[in-house]
Amino acid sequence: MNLTHPFLNLDGDKLREECGIFGAINAADASAATALGLHALQHRGQEAVGITSFDGKEFFSRRGLGHVAENFSSSEALAELPGFMAAGHVRYSTTGGAGLRNVQPLYADLASGGFAVAHNGNISNAQALKKNLVKNGAIFQSTSDTEVIIHLVATSRYPTMIDRLVDALRLVEGAYSLIVMTPEGMIACRDPLGIRPLVMGKMGDSVVFASESVAFDVVGAELIREVEPGELIRVSFEGEIESLRPFGQNNSRPCIFEHVYFSRPDSVFAGRSVYAARKAIGEQLAIESPVEADLVVPVPDSGVPAAIGFAQQSGVPFELGIIRSHYVGRTFIQPSDSARHSGVKRKHNANRSLVAGKRIVLIDDSIVRGTTSMKIVEMMREAGASEVHFRVASPPTAHSCFYGVDTPERSKLLAAQMDVEPMRSFIKADSLAFVSIDGLYRAVGAEKRNGKCPQFCDACFTGDYPTTLTDHSEIEQKSAQLSFADHKAA
Amino acid sequence: MNLTHPFLNLDGDKLREECGIFGAINAADASAATALGLHALQHRGQEAVGITSFDGKEFFSRRGLGHVAENFSSSEALAELPGFMAAGHVRYSTTGGAGLRNVQPLYADLASGGFAVAHNGNISNAQALKKNLVKNGAIFQSTSDTEVIIHLVATSRYPTMIDRLVDALRLVEGAYSLIVMTPEGMIACRDPLGIRPLVMGKMGDSVVFASESVAFDVVGAELIREVEPGELIRVSFEGEIESLRPFGQNNSRPCIFEHVYFSRPDSVFAGRSVYAARKAIGEQLAIESPVEADLVVPVPDSGVPAAIGFAQQSGVPFELGIIRSHYVGRTFIQPSDSARHSGVKRKHNANRSLVAGKRIVLIDDSIVRGTTSMKIVEMMREAGASEVHFRVASPPTAHSCFYGVDTPERSKLLAAQMDVEPMRSFIKADSLAFVSIDGLYRAVGAEKRNGKCPQFCDACFTGDYPTTLTDHSEIEQKSAQLSFADHKAA
Amino acid sequence: MNLTHPFLNLDGDKLREECGIFGAINAADASAATALGLHALQHRGQEAVGITSFDGKEFFSRRGLGHVAENFSSSEALAELPGFMAAGHVRYSTTGGAGLRNVQPLYADLASGGFAVAHNGNISNAQALKKNLVKNGAIFQSTSDTEVIIHLVATSRYPTMIDRLVDALRLVEGAYSLIVMTPEGMIACRDPLGIRPLVMGKMGDSVVFASESVAFDVVGAELIREVEPGELIRVSFEGEIESLRPFGQNNSRPCIFEHVYFSRPDSVFAGRSVYAARKAIGEQLAIESPVEADLVVPVPDSGVPAAIGFAQQSGVPFELGIIRSHYVGRTFIQPSDSARHSGVKRKHNANRSLVAGKRIVLIDDSIVRGTTSMKIVEMMREAGASEVHFRVASPPTAHSCFYGVDTPERSKLLAAQMDVEPMRSFIKADSLAFVSIDGLYRAVGAEKRNGKCPQFCDACFTGDYPTTLTDHSEIEQKSAQLSFADHKAA
Amino acid sequence: MNLTHPFLNLDGDKLREECGIFGAINAADASAATALGLHALQHRGQEAVGITSFDGKEFFSRRGLGHVAENFSSSEALAELPGFMAAGHVRYSTTGGAGLRNVQPLYADLASGGFAVAHNGNISNAQALKKNLVKNGAIFQSTSDTEVIIHLVATSRYPTMIDRLVDALRLVEGAYSLIVMTPEGMIACRDPLGIRPLVMGKMGDSVVFASESVAFDVVGAELIREVEPGELIRVSFEGEIESLRPFGQNNSRPCIFEHVYFSRPDSVFAGRSVYAARKAIGEQLAIESPVEADLVVPVPDSGVPAAIGFAQQSGVPFELGIIRSHYVGRTFIQPSDSARHSGVKRKHNANRSLVAGKRIVLIDDSIVRGTTSMKIVEMMREAGASEVHFRVASPPTAHSCFYGVDTPERSKLLAAQMDVEPMRSFIKADSLAFVSIDGLYRAVGAEKRNGKCPQFCDACFTGDYPTTLTDHSEIEQKSAQLSFADHKAA
């Protein structure tokens, strides 16, 4: 995770991304499996990708900007990554001068041998730890919080690698799912609350780890189980699998936004089908906030499962009132005599013939800054919709995430600034409703105790952060720029 | 269009693509509008793109491999294309050594001045015409059939440009929608049968032409009407619009496959919403070939509208049983110890939790070679579906297209080789049904007369080719390799 | 040759370049030999390079911007150019939008089969011929005068290829050394005056042609003889070599500037060692314009042989008073607080310790615009030289070349504007002298008859153009911009 | 310097290269001056280049493979490097997987702020120091010995930056000229023996440092003096210049090979013109080993000054019997039917007309492996030389360099394996002579005391290494592969 730029680069499409990791050990083509697995996790990070492999003697690394397919689909690329153990990482942002230095897996030659780590999450006391390490002579190569873990391992006084890693993680606070490679094997672990996802699978004789189960479908592996919160799973080259629980038993608090948005609908998260969870949220919405309408229209693609749920529950027909282009990416120069601003239409276009004269219910997964929602409502009206009702398949997002999700600072979150009625007015909808927090719990199979949800982290909706936030304690007030290093390299 | 390689490069994803064209005159940022318009037509051709502009004195061209966004989204790229008139082209294939030479618009300096042309379609007597031109000393730069038109214009003895163009087109047989630029203005025209689409729009004071109306939505223009079959529309720099009909009145025979597959669902084609047509085909299918099932599952994305129609007509719920990845493209190296072949899963993955134990109806737009259909049926069974019924939103595709569509030679078309029951057996479905040709006519608002459909070209289904096919007369038997030139250049 | 831009891009380093050609037939690795041969001719053109090969069935082409080594040193590049016949071209300029279209060899599919041509020289009635060809429907792909030859061949009514080529060349006026490839073999020819060079060699069983004999040294071939003025040499795949003289016997008028500057000193031109010719010019200079001095300093590298001759004749020691960098190329951003303008020093730097306090004789091959000479004189003075005498190893360059040399228009030639004394004042030298035209004749072994030199073309010094100049008749007065086409393509 | 690969990549052209550094402080365009300065030092390293700048707040870095001009000639590149202080580095090799990680300046964020260093030389106890640092938790980013200095600075317990640097350098053994940048200014220093060169100059109000004085000529700066052995020069942003001598007074032992080969002839090294030194060596050679001959022929370009000296002393005329191509670089595919191996001719070609039938004296700067010398002698004979006498402008190179010069291991040095007569036989010359070590001393103005030369390091000729060689003590025997890290990154 990138501590330097948590609040930058927040245009409409980038608001809510994080990272994905994959690892394979005892696999004949470990790097080929890792490339394919990362490709299936591409939705978790599109800006950069890296893979590190180990062939029993040496570690090999390759990193690149852009998609997995652009960097790792050739046999030449994979030939640079020999060996039967590999791990990789997709990330959402390389903004700033940092170039490839922050692309993971990070690697270091320690006195005990090579050490590679891929990390999904964010360490919330990384700055404090780094300051102390640098004071003692540590030299950081990246601006990544992940590098703190490596330096803590390097300077630990414990003799074995696993003890050094546990020693390091005891000092660390926040969210982390890690895949670590050493000359002795692979270690996968999840922070004590299990905030970010990590699953374990089996592919013939090899063991695989991934952020989401969909990666196992694509590589042809079988899902075994989730790595549990606070668990370290060590896999040796002889195939031994050992589970350690150095932090004792903890409450699990996985990120509820994986169900709302991050995970692919064909993944299973926290024991539940993501597609089923999203449909259930849509059904809750239809129960809680029904509306007389002619069509249920999803904002593609993230709103589709909830829209199907809403339509089935309400009896209002599901229709593709918005068509999504498959060719989204760069911004185009706008022709000046274009009749009206048409930027949003490159991605989403109204199905004019269908929508004209109809009362429609728009379903989207969440509202962050509100600007995209406003444009979509406007697009529906221009296409002739007689009424536009907006239904959101999550509660209002009113708090920043400090656990590895690229959300804007609080002051930019629409729901942190106003209530539902002004939000409705801002996006110019005829009506606006969010699913209730209780409805969300019900849809994902959670339940509230003492006004809180002990089974998930839902801090972005409730502000109930499950860890201390050493580096960020004043951030909510000051929107401080965090900056490990002022050095820009290319 | 490329005469050299009509039958090559036919893997699953490339079977049914063609080209798209866009032009703008009297527009302040003609090339910016053209880039954006072509971007909206990207689904019609992903392999190469070109734009030519005119600034009142000079013509400027820029071409590139890949998507519009990769080549024309920067202000630097557009700065190379100044002027108030521009036209562009996206195409599906640059296979062979031809490199950028075949990328359109094609341009030539004629005695009368510059001449640029963008062409969607295919000239079915290009070889015969070319042979004769070369015999008289013409030197071809490309292997494109489009260049024949330019040489015919160059050697015409008529004095005015419009007469030369009409003179040339009289010799040409087949399908063409053209956007022509000369120092006097823009000429848009469609072959006498109007096989390939072309629409005219208005954007402030400028006139725009495009293959599909969706391009007008995206640039912010207003659809005026279709260019009519056999019509030439001339637009001058003073804004005068003149319609010519040099070939008399003709039956219109637009390509019915635009409704089935090519056009975006938010386009209007032959006076009808494409989305509505596809939904109506799905409804016909449900009426003609109903089935007891738990879920209606579209093969994304082309099968979605028909699946919605089928679901609404049948009452079986519409569900996303297959999830499509947004990150499709290059092929990956397959890890050898992957449990089973997983290639197809990179693009389409079963929504396992939803499908397991269910009877499903799969809806796809068409079957070409059958191999993709077979893999998708198998994927559903592996995901636990108890029954897999396949419904196809078009009649069996039993004949090649010679009008600019990249279809395989007849012998590779599954429906040219066998009946429906052996096809069902080939793809291993529990049942298989195609919409009837009459059902298709009904859905698109056509009607049969004397056993034929006089309103559309449906040759791919019926073999009823509406023109003579000089170059191709023996092709059906011999699958001959057409080759204008043996010269490979890079 | 490029008719469009004969007068552009004339910074100091580009003033006096032309092109180089090489061909090999009946060679096992014809394209490898051609690449190496072109590399040895790289000094004749650094901006673009192309090779075309023939394998008995097909022609293959590859072109690129930049040096031969950047484009043709890999086995992958050569694998695209199979066959036992190949020819290539290096050229000095691709300025303008023409991109790769003007890079030679040019290729066309004629009715008689493939036709490729590499051309060194310039056709001085190309515009007139082109105008007529275009009027009859010819479509040009490039702005190169060479393409005129192809169209003349294509439209010739003679039945055989050799007759068509002779028919075409009869219409052509100016300078051309050509290497032509057809499916029947290779034809090398030189214009009736033999203005541009072309030599024939032998490499085992294969026949090779090149602009300069140094290319034979580098590929390991043996020089046989020059192709004679007005001669066509036809080499078949059976190894038959036939010499044709369709234009009768002519006076030979090879370009005397090959001796002065173009050819490498280790080449033999017009029967004489280029190095020996240059030394002899230096000796003439020392005889004609002696000077009391401490050091003879060449402007590297072109002034070195003449400086050695001057030093040996005069007894003044030869010393490297100017050091030339091997790493010249792109222009750098000049730091603003650099003590003085230092641009010229990137290429040439004074050997300060040597020069300080000395009287020096600078020797350069020629003066074109005079700006570089002025800077070099200034550099010598800044380095402490007490006197700077400038001696030029050619007569004043007072006339433009229309035979394929990239010289500026007349008005930019210093010697066209002023006499020797004002030139001396312009470049701020203590004395300035040019070798006399008679001295030059003597040095290269020519003699004057009736005030003219019938053995060489020396029009750049004397204005005595040996051909008519149809396209250029008014150029001297008007500095007209020649332009085949206004079309800019990338 | 690269400790990993000191003995690799030793083909003929790469045998004797090292690195170059340049720095500028208080300059308006510090990075532009640095780019230009490095360009003038390009002969010291062609494979990679980097520049780091400081704008008062932040450090900025940019690195690239290839030449300075390819990476730093655009205003875009320099715009990434703002500020009034900059330093850069050119290096000869990036072999191995290290990619850009080893390209200098190296940079680190220390507790005291940013720290950048450019290093010419080689630290001969780097391995021992690194092992100890890693044991204490240091993480290395590169395989460069230079990084050891940074870690020693980072872990020093002294409070000020200058004390930390001195503390670090006290532990370091070997050769180093350094340019260091910190937020307080620039520090330039040279090891106590001053083995590698470093000079100080003035450019307006700014202070500049460079490996050679020629860089000052090119940027328009004025040479002030050499940085002295063991001296640290600190320059502040207020323009204060302070000289420190923490290591006491030492004997100076600058590398004598700078005079023989490395430095440009227009540089001044150790108080003497390099051109004059080389001419003097040639004169010594003529005195010590005269020969009856017709021509003195230099092996271009490094043999030219000595050849001029030899010719002037002996009276045998200096002539260009070998012509050097300006377009050397990549290796070409050799055509199989090339009459003889012609590889060497791409770079050097015999001036056949001149050489034929003549007795020639070849002058080269040194003989390393002997293979190139053998080919050049053979080339002269093939060109018809009747006798070929080889004279070498340095004593036999019989010992490896451990101070930053890329020489082969001892066993590959021809002079380490045999005496002069067998060397003559190996290169097939008629006679062979090297300048004597005493003659060399005389030419460069040094003198011998007690059989040794106390003014220069001449270990490559004498084996008299002026420092201990901790890492290399067994290397001479074992040719051990040094390897900091097994990690290959791309």
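Letters A, B, C and D mark the chains as written, and numbering starts fresh at 1 in each.
We adopt the following convention: a residue touches a chain if its C-beta (ideal position, glycine included) is under 8 Å from a C-beta of that chain, and two chains touch if they have at least 3 such contacts.
Since the structure is predicted, the reported quantities are computational estimates derived from the model, not experimental observations.
Chemist: Given that chain C and chain D are copies and touch, would you call their interface same or different according to whether over half of its residue numbers are shared?
Modeler: same
Chemist: On a CA-centroid basis, which chain has its centre farthest from chain C's?
Modeler: Result for max centroid distance from chain C is chain A.
Chemist: Using the average of all C-alpha atoms in each chain as its centre, how far is it in Å between chain A and chain D?
Modeler: Chain centroid spacing, chain A to chain D, equals 50 Å.
Chemist: On a C-alpha centroid basis, what's the spacing between chain A and chain B, in Å?
Modeler: 37
Chemist: Between chain B and chain D, tell me the centre distance in angstrom, where each centre is the average of that chain's C-alpha atoms.
Modeler: 62
Chemist: Which positions in chain A touch two or more other chains at once?
Modeler: As it turns out, chain A has no residue touching two or more other chains.
Chemist: What are all the chain pairs that meet the touch criterion?
Modeler: The set of touching chain pairs is A-B, A-D, B-C, C-D.
Chemist: Under the definition above, what is the set of chain D residues touching chain C in their complex?
Modeler: 27-30, 32-33, 35-36, 39-40, 42-43, 46, 67-70, 72-75, 78, 203-206, 214, 217-222, 264-266, 268, 273, 275-276, 301, 304-305, 308, 312, 317-320, 323, 325-327, 329-342, 345-346, 349-354
Chemist: Which of the residues in chain A come into contact with chain D in the complex?
Modeler: 57-63, 80, 97, 107-111, 114, 134-141, 150-151, 154-155, 484-490
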